[in-house]
Structure formats: C-alpha cells, structure tokens
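Next, two complexes with chain A in common: one pairs it with chain B, the other with chain C.
Moving on, here comes the complex of A and B:
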C-alpha cells in the first residue's frame, strides 16, 4: 500500500519538475483516497505525501473517518516529522539509510498520533 | 591522523548539513542551483563568508575558489606552508561531498592550493 503511494509521490515530483510552477512546496498533499480491501474493509484510507530537498519521502496514511484532520494540521505534522528527521540525521552515531532507532523521534511520532486519535 | 579519516568526518557533517540547511521550499531545480547553494548557504553557515568564485565546464566539473579560506588564513600567506595545507582541506572536501550526497549528487571533491590562503575545490559529478 505504501509502495503504490511512493509511485504516486514520484509522479507528482516529476510533474512538478516539468511544470515551472512557483509552488515549490515540500508538501504534496492528498495522494489519493482509497478503499483498503484487505485489512479494514469498512474504512477509507487517505494518504498524504511530503518530500524533502534530499528526496526523502514521508507518507502518512490516515483513516478518513477521522474527519477532524484539516490540511493545516497535516502540514504541521509533516513539518514536525521533517524537523525530527533532520535531528536524527545530525546525530553523528546515526548512519543515513539505517532504520531509525531514536527514542526522541519515536516519542514525537507517537505523541503526534495520539493527538489526532 | 590520515587524510581519508578527516575526509570521512567531513562527509558525515556535510550529510547532516545538507539535510538541515536548505529552506522549506524545494529550491533546487537543477545541478547548478545545488552548487550555488554550496557556495552561498553552506559556506556562510560554516565559514561565515561566501565562496569567491564558481566556474564550470557545464559537463559536470565545477571549480569553487576561495581567495581567503578561513582555515588557511591564519598561516603565512604565500608558499611557506604549502605542504601542510592538505590537512586543513581534507575535512572541507568531505563536507562538500557529504552535502552533495544528501542532495542526491554523487561526486568526487579534491582541493588544490597554489598559494595560501587561496584554494580551489574541484567537484566532479560522478555519472552512474
């Protein structure tokens, strides 16, 4: 599921490159709403994408029955994710490309998820 | 301490800076933009000054020149310490290579000094 959304992210990035749009934002917005057929048949899941200058892609999957989530909130969540990821990168003991083991990062993500549930 | 160890340290720092420094917006439309970012934003963040000149052959080779490189400026100007200069440049080469690697460019960076404190960094983009 996440792999297909990565393909959509790549499509969006290349589309943005060709159109000389001024909207040079990192936030890609709603990728596409989808019905998940295997795991949660009754829920609709939305995926949001965000890409950084270093081509690192963040994908957020949100259950769309949670209607309280507005665009601004998604954007601020991505910004927090990006900042935490930057902090992880600056850790000299972290090798880029490894799985992230940072407790600070995990606790930030968990608190973000708890906030919206 | 071997030069490759210094270069490796610079590389890791460059990787982190390449993540931290670029602004919120997607600023890099093409390769030249990334090199300009190195000359302006990266150099100012690390050395409080911009690179003095950037030249390219438009075929993947760039020469960045700093006429008063902060790490060399404290040494006597001219040829006296030419042999010692590489120790001070190895870290910086790694810095450039690391930042480029975070931004998606594989490169080879070497430095050369003709006379202190002017030095040139040559960046050759590796096409895979």
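Moving on, here comes the complex of A and C:
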C-alpha cells in the first residue's frame, strides 16, 4: 500500500517541479496490513504525502472514518515529523537508510497519533 | 561558530572509534587518552586567556573549572556539589552537555562512555598544573539519568616537574 503511494508521489513530484509540496489523494477500497487484501468499500483511507527538499518522502495513512482531519493539522504533523527526522539524522549512530530506532522519534510519533485519535 | 558542527564532529569521532575498536571499553580508554592529549595543551590556552592565578586549594580549582573553563570552551556552567568531607572530591553537574545533542546510544553500546573525552581533558589539564586527579562519569543523560555528573577526585600534588608524557 505504501509502495503504490510512493509511485503516485513520484508522479506528482515530476509534475510539480522543485518545491516543498504537500499532496493529498483519496483511495477507496482499502488494503489491510495483512497478506490477503480485503476490500471494504465503506472504509476510506486517506494517504497524505510530503516530500522534503532533500527528496525524503513521508507517507501518512489516515482512516478517514475517524475524524475529518483538517489540512493544516496534517501539515503541522508533517512538519513535526520532518523536524524529528532531522534530529534522528544528527545522531552519529544512525546510518542514513537504516530503519529508525530512535526513542525520541517513536515517542513523538506516538504522541502525535494519540492526539488525533 | 555553530555548535552543530562541533557536535557532529565529536559524534563522527566516537562512531569511528566504535568501528575501529569493536568493544566499548577500548573506545572509552581511547577517548580518555585523546582527551588527555587535548588537556595538556588546552591548559596553556586556558591560562593565557583566563589569566587566573594559582589556585590555593581544590575548592578554588573546582570553581575555576566550572565557572571559567567550562564556560569558555563549552558555553555551559556546571554546578559543583557533593563535596566529600575531606574536601578532596566533588561532582560537576551538567544540566545539558553540548557534546550529546541529538545523540541516542544504541543498545549494543550500553557501556560506552560517550563524553569520556571530557574526563581526559580535565585530567591532562590539571596534571600540567601539578595536580593528579581522577575524573569519571557517574551519571549520564545518554543512559537515562536526569543529569550528567562527573566526579572529580584529587589524588595528590605532583612535586616532580617531569615533562608530561604523551599517552
């Protein structure tokens, strides 16, 4: 699911040129995080993309049956993610490309997710 | 000068040592050695710039270290606490340590004393002013403690003026 959204992000980047963009697309018929894909037409998953000027892509998947998240809330979440990400990058023990194991990053993400639920 | 470059440089140094030595104890020793070599040189710069005179006792030394030296080189002023009854040991409490900004110790380096360079610097610098001391970390924010604490212990005055050895 995340891979297909990455493809869409790439398409949009090439269409929009260089700039910090904040994109959004809706996707009906969800993919579940298990092996078999089940189709639930009643669920809607919104996937939001964010690309930094260093071409790092963030994808956020939101179940929109929860609450309608406003655009600026999504934007500020991405900004927080971006800031925490740069902090992780500054950790000398982190190798770019590795999975992020940082406790600070995890706790920021968890608190952000709790806030919107 | 921006502190990020300094912090990242120190971080690169420590991670390179970790790759070279593979076990934390050796890295700690290397950091201490490197710190010592810095300290024996840094003391000259410090004395020239700060113009402090000879300290009369260890308490004065503590004050100078915390209020002048740390301020001059790291921009922080640790507090001095936990004096031993004999007046030969004290603690430096660092609320924040610029060397460890953004650093998170991975689990496989739990016995690494990341800022051990500082202990070597203190040891080397004081040796050049005829004081043999021991400096060690007893608390570290990287290991989950609330503050970073360096314990300084006065061993003896160095009477013989042999040139300081390089380690």
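Everything below uses one rule, namely that the second predicted complex is superposed on the first by the 92 of 117 C-alpha atoms of A that agree within 3 Å, B and C clash if a C-alpha of one lies under 4 Å from a C-alpha of the other, contacts with A are read in each partner's own complex, and residues count from 1 in each chain.
Throughout what follows, a contact is a pair of C-beta atoms (placed from the backbone, for glycine too) under 8 Å apart; a residue touches a chain by one contact, two chains touch by 3 or more.
Please read all numbers here as calculations on a predicted model, not as lab measurements.
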Clash or fit, chain B versus chain C on superposed chain A: fit
Partner chain(s) touched by A:103 [first = chain B, second = chain C, both, neither]: second
Touching partner for A:115 - first (chain B), second (chain C), both, neither: neither
Which of chain B and chain C A:55 touches, first, second, both or neither: first
Winner by number of chain A residues touched, once chain B and chain C are compared: B
First (chain B), second (chain C), both or neither touched by A:93: second
Closest Cα approach, chain C to chain B, once both complexes are overlaid on chain A (Å): 5
Common interface residues of chain A - those touching chain B in one complex and chain C in the other: 90, 92
Residue ranges of chain B touching chain A (in the complex, touch as defined): 12, 15-16, 18-20, 22, 24-29, 102-104
Touch list for chain A against partner chain B, complex: 16-17, 24-26, 51-55, 85-86, 89-90, 92, 96
Footprint of chain C on chain A - complex, ascending: 87-88, 90-93, 101-104
In the complex with chain A, residue positions of chain C that touch it: 4, 7-8, 10-12, 14-15, 101-106, 109
